[in-house]
Amino acid sequence: MPLQVQGEILSVKRVGAYQAMTVVAPGIPELTRPGHFLAVQVGGPESSMLLRRAFAIYDVKDRGVYGGTVEFVFAVHGKGTAWLSQRRPQDKLDVVGPLGKPFRLPKNPVNVTLVGGGYGSAPLLPLATALRERGCRVDIVLGAGTADRLFGFMEAKRMADSLAVTTDDGSIGLHGRVSDVLPAVLDKSRADVVYACGPMAMLRAVTDQAAERGIPCQVAVEESMACGIGVCMTCVLPVVGDDGLTRMVRSCVEGPVFLGDRVRWDDVGTVPLDTVGAITAPGAHR
Amino acid sequence: MTDLTTKLAGVTFPNPVFTASGCAAAGRELDQFFDVTRIGGVVTKSIMLDARSGRATPRMAETPSGMLNSIGLQGPGIDQFLEKDLAWLADRGARAVVSIAGGSVDDYAKLAQRLRGHPAVSMVEVNISCPNVEDRGQVFACDPRASSGVVQAVRQNTAAGTPVFAKLSPDVTDITTIAKACVDAGADGLSVINTLLGMVIDTTTMRPALAGITGGLSGPAIRPVAVRCVWQVHAALPDVPILGMGGIRTGLDALEFLLAGASAVSVGTTVFGDPTAPVRVLAELEHALAERGIARLADVIGLAHRPPVPSVPESPDPVGDEPVVDLRRSFDDTFEETS
Amino acid sequence: MTDLTTKLAGVTFPNPVFTASGCAAAGRELDQFFDVTRIGGVVTKSIMLDARSGRATPRMAETPSGMLNSIGLQGPGIDQFLEKDLAWLADRGARAVVSIAGGSVDDYAKLAQRLRGHPAVSMVEVNISCPNVEDRGQVFACDPRASSGVVQAVRQNTAAGTPVFAKLSPDVTDITTIAKACVDAGADGLSVINTLLGMVIDTTTMRPALAGITGGLSGPAIRPVAVRCVWQVHAALPDVPILGMGGIRTGLDALEFLLAGASAVSVGTTVFGDPTAPVRVLAELEHALAERGIARLADVIGLAHRPPVPSVPESPDPVGDEPVVDLRRSFDDTFEETS
Amino acid sequence: MPLQVQGEILSVKRVGAYQAMTVVAPGIPELTRPGHFLAVQVGGPESSMLLRRAFAIYDVKDRGVYGGTVEFVFAVHGKGTAWLSQRRPQDKLDVVGPLGKPFRLPKNPVNVTLVGGGYGSAPLLPLATALRERGCRVDIVLGAGTADRLFGFMEAKRMADSLAVTTDDGSIGLHGRVSDVLPAVLDKSRADVVYACGPMAMLRAVTDQAAERGIPCQVAVEESMACGIGVCMTCVLPVVGDDGLTRMVRSCVEGPVFLGDRVRWDDVGTVPLDTVGAITAPGAHR
């Protein structure tokens, strides 16, 4: 049950290449679980930008001095995030959340590996906390293009049983991709499950490496979203259901967390011919 | 307090604010944000006979004060729709306006039959902005004959008490021709307007931004086109009720459509940025009407078409007829030239 | 450095950024803000045979990311235009694209005759979005026959070396039909698009906001419609040069039109908010082309129509053919349900 | 020769119901004469508002600590001015100016009456200064709806040989309209010329009262403007030319200052039938 809250920005902090924004948004923290996301209005009342921007929830505090707060971490990507990066404490921010299906937690204290790419590590850190509270062993692999795009290094280091880091340019950790180190981590930690959040190509590689070992894997995907609440059907991707059939599934309400092996990675951006209701005749544009 | 009830072809709705087809699914998700029984009605996503996957992604692009979509009518098909979506709306006590879409006249006829007499169906909206598979994919709504065929089939297969509204496309040379064809074929009212055909090219990939190449443009960007269409259709067919839509964001926007001739309005794209928009628009509209001292919503419908009440006497003001005293000479003597 | 020259039906312009008719008067006012000889050309406000007062005010209304105008082609008439405006442009050394408008085929023919052979006229743009006084005010651009008649008259009365561009209206069911009619009648190129017919109702007076009731919608709001029209016309007539316009605000917007098939672009409404926009757009476009490693402007014209260079091998990736390993059972055993 | 300047806001002050905004806009002050106006971009880079807003220039300083500044006074009217009222010092503001034809000054030290309505007094105050410098006698009449909408009272009081004030509600000065007191002021001061700025109805009344006495009168009008620089033709009104013919004249470049008796007040908002080029046949909408 998401809420629409007229929030107020409490703080904006630079964190490497990102910004971490904390918003007073009473009611949302209590409902939030790791993997949930927010949708934020951008541009002000006379903006030409109509659509909300989606961000994974990083941290929540049920009750601060100012009421419950939510924190998210974002990169400036286009005009909406550019506007967001100009906000200051006390500015208002209209927030809808928590949205989506969060990560499902293991019933038992198993060995868990978390894999985060870029700002994708943000939702994994509260997940790590929840897992530790359940007595799980938590190994973390973080990757990014460059050191300043690696989010959560210190926090992960403090929390994890082991931490492996890669960057594309070698500016911190290993020179390479998370998929270069993940197999060794999985094997060494005897991982029972994997959680991943980051770019689609990374999620796909993680899914494959987990599948090779028969390890279940949950991934949080990122698809372009117009509404974030399940009413527009823009955010779909081909996912195999329990019945073995492929459907174009809304990642905002049925995701963003999916079982990695259920996502048809090769076919993302297409409608596979065996999808339920695949259009074979010429279709409408609406 | 203003009487907000509105009548659409014999059916009375408690107020004139509806959702728009394809912008509210079947109401369930929005019911998390506001009580969907509070608005005039829920217009459901156009449903087809069979389940349909829709198009490939990307399916949307944000544009200045608007967006493009090319969903391709993804949906579960009429059976599942009746079983799950309409059943939920019925349970919930919401007024459902069911939008239907097909690729042939026969599709539409069958859809109407499936809906016939269903107690939860307050109204049927016929989305004719669909390619006619029997006519090289020519969109029904772009041709009066094709539109007429679809509307007639739906009307014939719909219970007498259930209004059938045909939803018009603005992408035509003369929208009133299509409007008349639909009404002649039995449409009880008209939904005005569907999206405009548009396109965005991604300047990074240098290719169309949407997988479907073109898409439908919606949002406040198109509001002036929508208001013009409502105005033209109401002028041509003053007795035909109109469900107006296209870029409504506020109660004053809704009022604009009513003044142009709509009897009710749909809030579409705005919901994506503001999930509580329909109830907000309703509250703002109610406030705007009260402020203007309007007792009954019905009194503003089409009001902008009536000649204005003259605020000055119509007879020419005598001052205007007096010769203009030319002070130019004294002026040039008096003042410097400006640089 | 990118070669920015562009060719429009045999005439070479140093770069592809022009003003839009009615948004730059005859260049003189803008010359205060930037050197008008630096841009591709100045498209002048549509001129008629006689002086014309235009419509009553209000003549404009701002709309979301756009505006409506109903100027009613106010202008001094062709004689004064030649004497004052065109003479100034000639003196200044600017490339003039003269837009003409009339109420009958004969008007257009006479206007073309008056311009014939004038050394300052680089090109003639025929504004066919005018009511045909001989056909109950039906707009020429909405009918292929009427469009064709006007274009033929102008082409016949224009010097061979001077391209004649017909300016299309988007308010038609199929813009390619009109485009083809114009080209068949002798148009050397097409200007795409004129404004969309729109309307605003003032919710305070509860009457139309414009004295002229309806007006033309322009600005970024209409850009997706304009890009779609350019795309469709270029797809239908790949060899016909297009002057593209509608909501261009930045160099990347200009690039979007070129990719869709335009050989040059006009910057219209944006100038009102940013009088130096044409030179800014030109600089931004130049930068964008350089960034993309494009050596000649000509290489991007219509590029978005060509199939994308596959970035992954076209042969199916073997991984996709493997059976999907179902980890569901182990998953349900392993994880809790989410609430 | 107007300039387009990327200015910076130096200060925003509340003045009764108005706000006075000072913007660092090098180059503009040197070119400005009383009666000129500015056109200001509103809403920021992703705004849905495309058009500039026009404001009469109130004060200019050729060279402050920060470079030349321009000041204008505005009322919140709609969404653009609402946005403007939220600006803070150091915010950027894109300004075009000076625009229009300013007031023409008398060649000789004559007796001048200035009539301002609401914020319309803003451009009259620098005009008063210029007139005083030329040795003119300056009498001022200010009117407004309410006391808080009366701009420049103290300054006018200091500068004028006499000051008369009216308000519609009588909250300050005489209960009534400027036209109730103007005849007496004109007669008593033996006015040679009148300058006026304010609502159209006021300008019309002032014009009539001056004309009755055969006194030339300059008025600064306010018409809805899309471009402010003479290229769009939206801001026209019917004005009689030197040749006696009525034309639809652009108030942004041929005005905003006109000879009062040349404006066809009764016909503003229409095209009189005797206008040069009046449309008699059905016209185009563009």
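Letters A, B, C and D mark the chains in the order given here, with residues in each chain numbered from 1 onward.
Everything below uses one rule, namely that contacts are C-beta pairs under 8 Å (C-beta built on N, C-alpha and C of every residue); 3 or more make two chains touch, one makes a residue touch a chain.
Treat the numbers as computed from the prediction; the structure is a model and nothing was measured.
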| request: Select, from B-D and A-B, the pair of chains that is joined by more C-beta pairs in contact. | output: A-B
| request: Return the distance between the CA-based centres of chain B and chain C, expressed in whole Å. | output: 28
| chain B and chain D: spacing of chain centres that average the CA atoms, whole Å | 42
| field | Whole-Å gap separating chain C and chain D, where each centre is the average of the chain's CA atoms | value | 36
| query | Of all residues in chain A, which are in touch with two or more distinct other chains? | reply | 48-49
| For chain B, which residues are shared contacts with two or more other chains? | 64-66, 197, 214-215, 219-220
| task | Using the contact definition from the top, classify how the chains connect: line, ring, star, complete or other. | result | complete
| request: Going by the contact rule at the top, pick out the chain A residues touching chain D in the complex. | output: 43-49, 79, 83
| Where on chain C does chain D make contact in their complex? | 22-25, 29-30, 32-33, 45-46, 50-60, 62, 64-67, 69-75, 77, 101, 103, 127, 129-131, 133, 137, 139, 194-195, 197, 211-212, 214-216, 219-220, 269-276
| note | Seen from chain A, its contact residues with chain C in the complex are 33, 48, 101-102, 104-108, 110, 192-193, 208, 211, 214-217, 240, 242, 244, 259, 261-262, 264-267
| message | For the complex, give me every residue of chain B touching chain D. | response | 64-65, 220, 316-317, 319-320, 324-328, 330-331, 333-339
| Of chain A, residues touching chain B in the complex | 1-2, 4, 41, 48-52, 94, 96, 223-224, 226-237, 247-248, 253, 268-271, 275-279, 281-286
